[in-house]
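Worksheet for the structure shown next.
Labels run A, B, C and D following the written order; every chain starts at residue 1.
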Amino acid sequence: MVLTLGKMNKVVKDAMEALRGIQDGMTVMFGGFGLCGIPENCISALVELGIKDLTCISNNAGVDEFGLGLLLRKHQMRKMIASYVGENKEFERQLLSGELQVELIPQGTLAERIRNGGAGIPAFFVPAGYGTEVQGNKEVREFNGKMHVLETGMTADFAIVKAKYGDTRGNLIYNYTANNFNGPMATAGKITIAEVEELVPYGELDPNHIHTPGVFVQRIFQGTNYEKRIEFTTTRN
Amino acid sequence: MVLTLGKMNKVVKDAMEALRGIQDGMTVMFGGFGLCGIPENCISALVELGIKDLTCISNNAGVDEFGLGLLLRKHQMRKMIASYVGENKEFERQLLSGELQVELIPQGTLAERIRNGGAGIPAFFVPAGYGTEVQGNKEVREFNGKMHVLETGMTADFAIVKAKYGDTRGNLIYNYTANNFNGPMATAGKITIAEVEELVPYGELDPNHIHTPGVFVQRIFQGTNYEKRIEFTTTRN
Amino acid sequence: MALDKNGIAKRIAQELRDGYYVNLGIGIPTLVANYIPEGMDVTLQSENGLLGIGPFPEKDKVDADLINAGKQTVTYLPGAAFFDSAASFAMIRGGHIDLTVLGAFEISEQGDIASWKVPGKLVKGMGGAMDLVAAAKNIIVALMHTDKEGNSKLLKKCTLPLTGVKCVKRIVTDLAVIDITPAGFKLIERAPGVSVEQIVSATEAHLIVEGDIPEMKI
Amino acid sequence: MALDKNGIAKRIAQELRDGYYVNLGIGIPTLVANYIPEGMDVTLQSENGLLGIGPFPEKDKVDADLINAGKQTVTYLPGAAFFDSAASFAMIRGGHIDLTVLGAFEISEQGDIASWKVPGKLVKGMGGAMDLVAAAKNIIVALMHTDKEGNSKLLKKCTLPLTGVKCVKRIVTDLAVIDITPAGFKLIERAPGVSVEQIVSATEAHLIVEGDIPEMKI
């Protein structure tokens, strides 16, 4: 494999090396929707590292025995920020016992807050949540005859994403619906880690097809042993 | 060519048919950066139609004999909204004579206003323009120790974009830096017209590589006689 | 006779128009996909980043990278496009989706909808529902007219936490098609064999009944 | 001796670091690309939607779809990526570009920059300059120390309409390298053969001079 010589070579050996510098109490974004497109290798490494008191930002909280459920089981999460947290009994238990805090955000607002965190837009108005609990004490304003709520951009200490293809400079291409929150989150980490199924030398990916330009990615590695578990297998007949 | 049967078939014959319903005084977005990626066929058809008093939103105003310069020469523009309008003597003349109004907007703010117009975000804060003429009477607010200006989303009666490839359902793929303002503008037209160099049956474009999903495009056609003029040809030696 | 879930889905399918882009929620709304009229070209959007949902895959074509918003494995149709979650909700929020069909716990005569939270029960989250109801041009709600104890779900005011305010345009229940007008609920159609009186008595809020109310054609 | 434009570009190139993503403005800043130190891996961003600008193309490889922000035909390097203008400025505004180099008419001791408009002259527009100066982490301005009449461009206060306020970190002129500190302009280096006195007299604002001022190594 031809690697970049200097610091543009963002390749690290594995999830352990990629997570260098992560600390208890940090805020971490995890790409994925349900179990689709989640950074499996880094989640496992975080369990191994035993990092605690994490604030996790992810659309969902995984299931009991997979995805972010693995961090839950080890009590490594202090707070979960998500749009939907079903499918997880341990989550339920920790929430009811008060061990875990949860902040629920409408999915589109969550995606846009992350996108805008990465895009240097500190605040913006959306219609979602107006007149609901989500509005809370937020500023509201009418535009074009419709009420809107002021939401803020969101970043994280680490953003951990998963892509199908990546190159040594951090350019990423996602597969099908495994793009989901990975694309926006890749832009919003102070440090963004990408784990990929196939790592190729830079220059091999078509520059017209890059979903996440390498500028957003600080560390990248080729993951191993992807399980890619399916939450609900539905088939024709 | 296999065409969609129903209304998902967005194919029209040519620029003339694509522009059906356009009227004097309308606001029209034109994709492109300089002369790169501009909708040549629709600009020519607009000249032929003689539509007047247009408010044109485009990063640039073309050159004297090409691009939006063709509309200027025929006095079809009432107002130009752009970030940079150099390279055009007739523009200069009409501006000084008062025939033409111009509104200059920082390029990134322009791109984001268009993106947000298409994304249903009516207003958002950006740092660009704070403390300058661009700030004007706009609301300002401090976030993270830095002053920001409140800008608004922007839409148009028609958005006219140009892509390299398109399919019969309006999915678009741009080429190199010819994406530029085409991508955001495609989302912001009440009616979005796409002219493409190569129109293919739906199903032929890789769904992972679509830049503009067809939902944003109402009319599409394969353009002809692309000149693709270059503003500054620079070569090695 | 009151409709079953498939009957409700069938009736909602009649609201589809050629060329529509549609987001179908989980539950009854998902069933609408089974009743898209022959020859009608409707594109289904899944908010996790797919425009052009196809049927469930053959057993050997299941792909973990290809799911719908209900996390079920799906396929994509020719002409589909994939995109990220921010782009997906830009599409929704920007009004580019013609129709959203979703379920609910309660609907008020103002068009308010409650669909995500029951105090005292575990809250799973609103997912994309608040974004969808706040932004879709046209929102149809599919629900049973009453709960299992016979309490009406069509209320003067919702009792549960709201998902959105003044957004629902039309309701299709097991008993009726009802529009939300500035004056409140208005009866449009009856389920086959269901009387106006039955519908009125199953509706807590006032129901506007004008002239003869036709039966649904299912 | 005062530097010429290429000399200024050479000196600015010394500010580059391995792994930097850099946006170079039109004029002197563009010349910086010619002096990227051997073996240093720097990626150039063009705000019209390219990360990884290559050299000008061979005559037969010119492509109208492949230009830089100055509208000149360019090439792209292996590992490049293309994107739209909104994504490009999201990258800039979000602070993902390490260094922006641009020209200016005037700089104030507060770090204000005026670079886009001269009242009475035709205004062409600010292009992406306001976005770049408002958002880049690190901004270096390349300019001649004085205008043709000998008037200083390094002022207590800018006289021309501003492009951005309190944003410039460092200035490289034909005479000197100067930092903008909370206390004002501070002399860092002299052009070869140029005296501190020459620089002070060419600077309208107060210039902080502490200790021996080294000569640039070009």
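Going forward, contacts are C-beta pairs under 8 Å (C-beta built on N, C-alpha and C of every residue); 3 or more make two chains touch, one makes a residue touch a chain.
Everything quoted here is computed from the prediction, not taken from an experiment.
J.: So which has more C-beta pairs touching, A-D or A-C?
T.: Answer by contact count: A-C.
J.: For chain A and chain C, what's the span in angstrom between their mean Cα positions?
T.: 29
J.: Centroid from C-alpha atoms only, then distance chain B to chain C, rounded to Å. What do you get?
T.: From the centre of chain B to the centre of chain C is 35 Å.
J.: Nearest whole angstrom, what separates the Cα centre of chain C from the Cα centre of chain D?
T.: Between these chains, centre-to-centre, one finds 55 Å.
J.: Could you list which residues of chain B touch at least two other chains?
T.: 112, 115, 119-121, 126-127, 174-176, 207-208
J.: Which chain C residues touch at least two other chains?
T.: 76, 82-83, 87, 89-90, 92-93, 135
J.: Every touching chain pair, please?
T.: A-B, A-C, A-D, B-C, B-D
J.: Can you check the complex and tell me which residues of chain C touch chain A?
T.: 46-50, 55-59, 62-74, 76, 82-90, 92-93, 112, 117, 122-132, 134-135, 161-166
J.: Along chain C, where are the residues that touch chain B in the complex?
T.: So the residues of chain C touching chain B come out as 17-19, 21, 39-41, 43, 45, 51-52, 76, 78-83, 87, 89-97, 135.
J.: Where on chain A does chain C make contact in their complex?
T.: 33-37, 59, 82-87, 92, 95-96, 104, 106-109, 111-112, 114-115, 126-134, 164, 174-184, 211, 228-236
J.: Could you please specify the touching residues of chain A with respect to chain D in the complex?
T.: Listed in rising order, the residues of chain A that touch chain D are 4-9, 115, 117-121, 167-169, 171, 187, 202-203, 207-208, 210, 213-216.
J.: Please output the residues of chain A touching chain B within their complex, sorted ascending.
T.: Listed in rising order, the residues of chain A that touch chain B are 112, 116, 119-127, 141, 143-144, 148, 152, 173-176, 207-209.
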